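Below are two complexes that have subunit A in common, paired first with subunit B and then with subunit C.
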Partner chain A sequence: MNLYLKELKSSRKSLFFWSLGMVFMIVAGMSKYGSLATTGQSLNELMNTMPQSIQAIMGIGTLDLSTPIGYFGVVFSNLILIASIHAILMGANMIAKEETDKTAEFLLTKPLSRAQILSAKLCATVTSILLLNIITSVVSMIILSAYYSEASSLTSLMLLMTGMFFVQLIFASLGIFIATINKSVKKTSAIATAALLITYLLSIAINLSKPLENLQYLTPFKYFEAKTILVDQSLDPLFLMLTLCIVVLFTSFSYGIFKNRDLQI
Partner chain B sequence: MMNLFRHELRVSRNATIIWTLSLSGLILFFMSMYPAISSDAKAFQNLLESYPQEVLVSLGISLETITSLLGFYSYVFTYIVLCTSIQAVQLGLQIISKESRDKTADFLLTKPVTRTSIITAKLMAALVLILITNGIFMVVARFTLPLFSDQSFDTSTFLLITSSSLWIAFFFLFIGMMASALLSPIKSVIALSLSMVFGFFVFSMLGAVVGEETIRYFTPFHYYDTAYILAHGTYEWDFVWIEVGLILVMGVLSYFLYRKKDIY
Partner chain C sequence: MNVIELKQLTKRYGRTRGIENLSFHVEEGEIFGFIGPNGAGKSTTIRTLLSLIYPTSGSATIFGKDTVKYAPEIKKEIGYLPSEVFYYDNMKVKDLLKYSARFYKKDCHRRMVALADQLNLDLDRKIDDLSFGNKKKVGIIQGLLHEPRLIILDEPTGGLDPLMQQTFFEILRLENQKGTTILFSSHILSEVQKLCDRVAIIKEGQLVKVEKISELKANSHKKVEIETSGEINERFFELSGINHVERGEHLTRFWFSGNMNTLLEQLTQLELMNLWIEEPDLEEIFMHYYEKER
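Up next, the complex of A and B:
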């Protein structure tokens, strides 16, 4: 419990800056909504006939830019990227920092089992990604309600944010997993960067090319996309299951490996 | 100083090879999609014929540039720049912070070299590595483009677009170096580098969607606007001078700070 609180306290400052970044993105992104809303309507019909790959290049997608929530969908794809970076860094850093800061020996002399240590760190990670998610949701809600008040957009927003939370969970567990299996911090950093870049670039490539669609299971950025969530008004159960499996798998592997981990000091 | 320079090159050799190979693979992978996209575009253009004239004017022209070979290349290139920027900022952050992290700073500083020449040697090594990565990428890209399309393209426009990755990488190298002179001991290089580069990147993507002009001044990704280069065949020199100014300021500041810095 002490460890959990300590971890929360030490991530307080970075969480503040990440939230600030999120708020800034939302405000900067949504501030332009008004001016686009009027021109959006007439183009929508035409856009629907446009091939998917060209929509992707033009940066529009199938989102309806004439409604606030549709416009928010565009901002959302950027928010999810930031939240994922935060999550993978949180996860990886939770494990790696004890060794970079040379505090691992001190921590492990405490009367705590390794499983307990990992659990506390896991809980702290989940708490801080949840906090980031909640802050983002609340700010988005306030800004969206300034444009118009309709119950349907609120439920859509909730769905989007739940989707974002699942993606955050995947990346956090991936970060923890990468940090536990790698011996050196240098390697952890390199692999985490690669994982993030590859999944992100893959999601871009899938948008561009239909034949690659089967690869969508490999990149969490494709699991809960604004354009499908806003149309279906629900999260895809297949991807929910997949998320659950991935998170459970990474977490249980991390427990197994962390128990026998040699410290690198 | 020469030894240090060579040592730095050797230390980062593997990472540079991996970056270069991945970038080359990436451009091959992305450009291989071009034939499908260009046929999509043709089909769509035929469909557009039936629309009123004003829609065609507002959309058709931009569509043509966007789906041309260089147009698609410059779209894909955005993501290449994202990667080269991450490489550059990590090299920049390493310049000063690596010695502290690996506890080699005291060893290095007992050598009969001044701090100025230490940082110069390291900076030169980083510059060379960035030059090599971007240079090889440019050659690969030059030979990749004709593989997937028989459209001819303007070589000087191609060079202008492709070399912008180098200029943006320089910006990130210097911002990384300044951050490590300012902040170190840096606890986590990856956290700082990813949040800096992706921060600027997401910001510039938002800027592109909302079409806000002032945003362009705040993110180096917009200093070399590919749409402008495609249309005019030149850089926007205002932004080039802004970048040169920023690099000079950051460079001088880094030297100044490092000379007086407490080393842990």
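Up next, the complex of A and C:
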């Protein structure tokens, strides 16, 4: 509990700035909608004239841009990217920082088992990504309600944010896994960033090229996309299962490795 | 009872050397010195005992419990001061010490204030702003705060001025009188001599010798250098206790261990122009032990 609270406290500042980034992204993204909304239906037509590849990169696909929530779907693909960067760096740094800052000799000589330490850090990471998710949800809700006051858009928003939370969970557990398995702590954040970049670029490549569709299981960015969630009004159970498996697998590997490895000091 | 017991403890890091087959024990209530040159494996041994790293083979017990299996339990009763002290920079000294104390579920406020007072440390400063020596003081307080039964100190005096060192040694002696066992690692023989009952000497990852300080002193060699005007009679070097002889044209160096009076008697027989007698430094003592062991 002591360690958990300390970790939460020390991530306050970074959480504040990440939230600020989120708010900026939502406000900036949706304000464009505000100025475009007056033209109504024509927005969809405008988008349709764009080449397929541009649409794919912007993540538009089948989104109905004439509705606020549809337009929010486009903004959402940016939000999920930011949230994922936050989650993977948070997870990786949570473990690696004790070794890079050389505080491991302090913490790891306290009467705690390695599993207890990892659990406290895991809980702090999940709390932090959950807080970022909640802040994003609340701000999105407020902004959306300025355009729209329909219950259906609220449920859609909730679905999107739940999807985002699952993606955050995947990346956080991946970050922790990278930090525990990695022999050289200095490279941890570089590897984490690379992992994120690769999965993100892969998701764009899949959007651009139909034959790559089978690779969608490899990138969490394809698991809960706005264009499918808003049409189906539900999260894909297959990807939910996959998320669960990935998170459980990464986490249990992390416990196993962290318990038995030498600290880098 | 043995507080610490090492049984064939070995730690290898891939290609680089760690420690090989270390076996010795530390008895309850003693101040045990652990001495060796830099890179001998002192920190590796201590970190293995604290299960920051795990042994390649062999094992160790603290309070009779296996150090790997019962690590969290054992650590309740251990205070540790690492050789280089690193803390969370943005914390105040006070907050860090309170944070540390909470892990032991003890109220240590009074002791914290008393120790800080003794060591002349301002509790309200930020860790970030502290000098190396002052950080070390935070480390000392942090290690002693929860009144552990075993204190492990890795090169604790680095950065402390001589006066502060003395205060620190007094604090340690006081703790020791209360029954606390202390493992004191150092590369400076004189500070170990001042404080410890027994020492383990380690070199290149291997245990050279475990010896009582009193015996180490009795066996201690003197480095003698003489400048003579004429040739030295060969019979002089037959004196027992003379070894490591290096003969030059005028200057002759040798080591001597034994009765000083006999040496001085013999020296008066020579045509001396100059005479130096000094303590060999630690490295030389190590070399001496090292050669003997081989």
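Quick notes on this one:
The definition used in the following text is that the second predicted complex is superposed on the first by the 244 of 265 C-alpha atoms of A that agree within 3 Å, B and C clash if a C-alpha of one lies under 4 Å from a C-alpha of the other, contacts with A are read in each partner's own complex, and residues count from 1 in each chain.
As a working rule, contacts are C-beta pairs under 8 Å (C-beta built on N, C-alpha and C of every residue); 3 or more make two chains touch, one makes a residue touch a chain.
Note that the coordinates shown come from a computational prediction; the quantities given were computed from them, not determined experimentally.
When the two complexes are overlaid on their common chain A, residue A:L81 makes contact with subunit B while staying clear of subunit C. In the overlay built on the shared chain, the residue A:Q233 is in contact with neither subunit B nor subunit C. Greater residue coverage of subunit A by touch, when subunit B is weighed against subunit C, goes to B.
By the touch criterion stated above, A:M50 is placed in contact with subunit B alone, subunit C being left untouched.
Of the two partner chains, subunit C is the only one that A:A104 touches; subunit B does not reach it. Contacts of A:A190 after superposition: subunit B is touched, whereas subunit C is not reached.
Judged by the touch definition given at the top, the superposed model places A:S252 against neither subunit B nor subunit C.
Common to the subunit B and subunit C contact sets on subunit A are residues 101. Within the complex formed with subunit A, the subunit B residues making contact are 15, 26, 29-30, 33, 36-37, 40-41, 43-44, 47, 51, 55, 59, 62-63, 66-67, 72, 75, 79, 82-83, 86, 101, 187-191, 193-195, 198-199, 202-203, 205-206, 208-212, 215.
Put simply, subunit C touches subunit A in their complex at residues 47, 50, 52-54, 71-73, 75-76, 78, 80, 82, 84, 86-90, 99-100, 102-104, 142.
By the touch rule above, subunit A contacts subunit C in their complex via residues 2-3, 6, 10, 101-106, 108-113, 116, 260, 262-263, 265. Subunit A contributes residues 14, 18, 21, 25, 28-29, 31-32, 36, 43, 46, 49-51, 53-54, 57-59, 74-75, 78, 81-82, 85, 89, 92-93, 96-97, 100-101, 188-190, 192-193, 196-197, 201, 204-205, 208-211 to its touches with subunit B in the complex.
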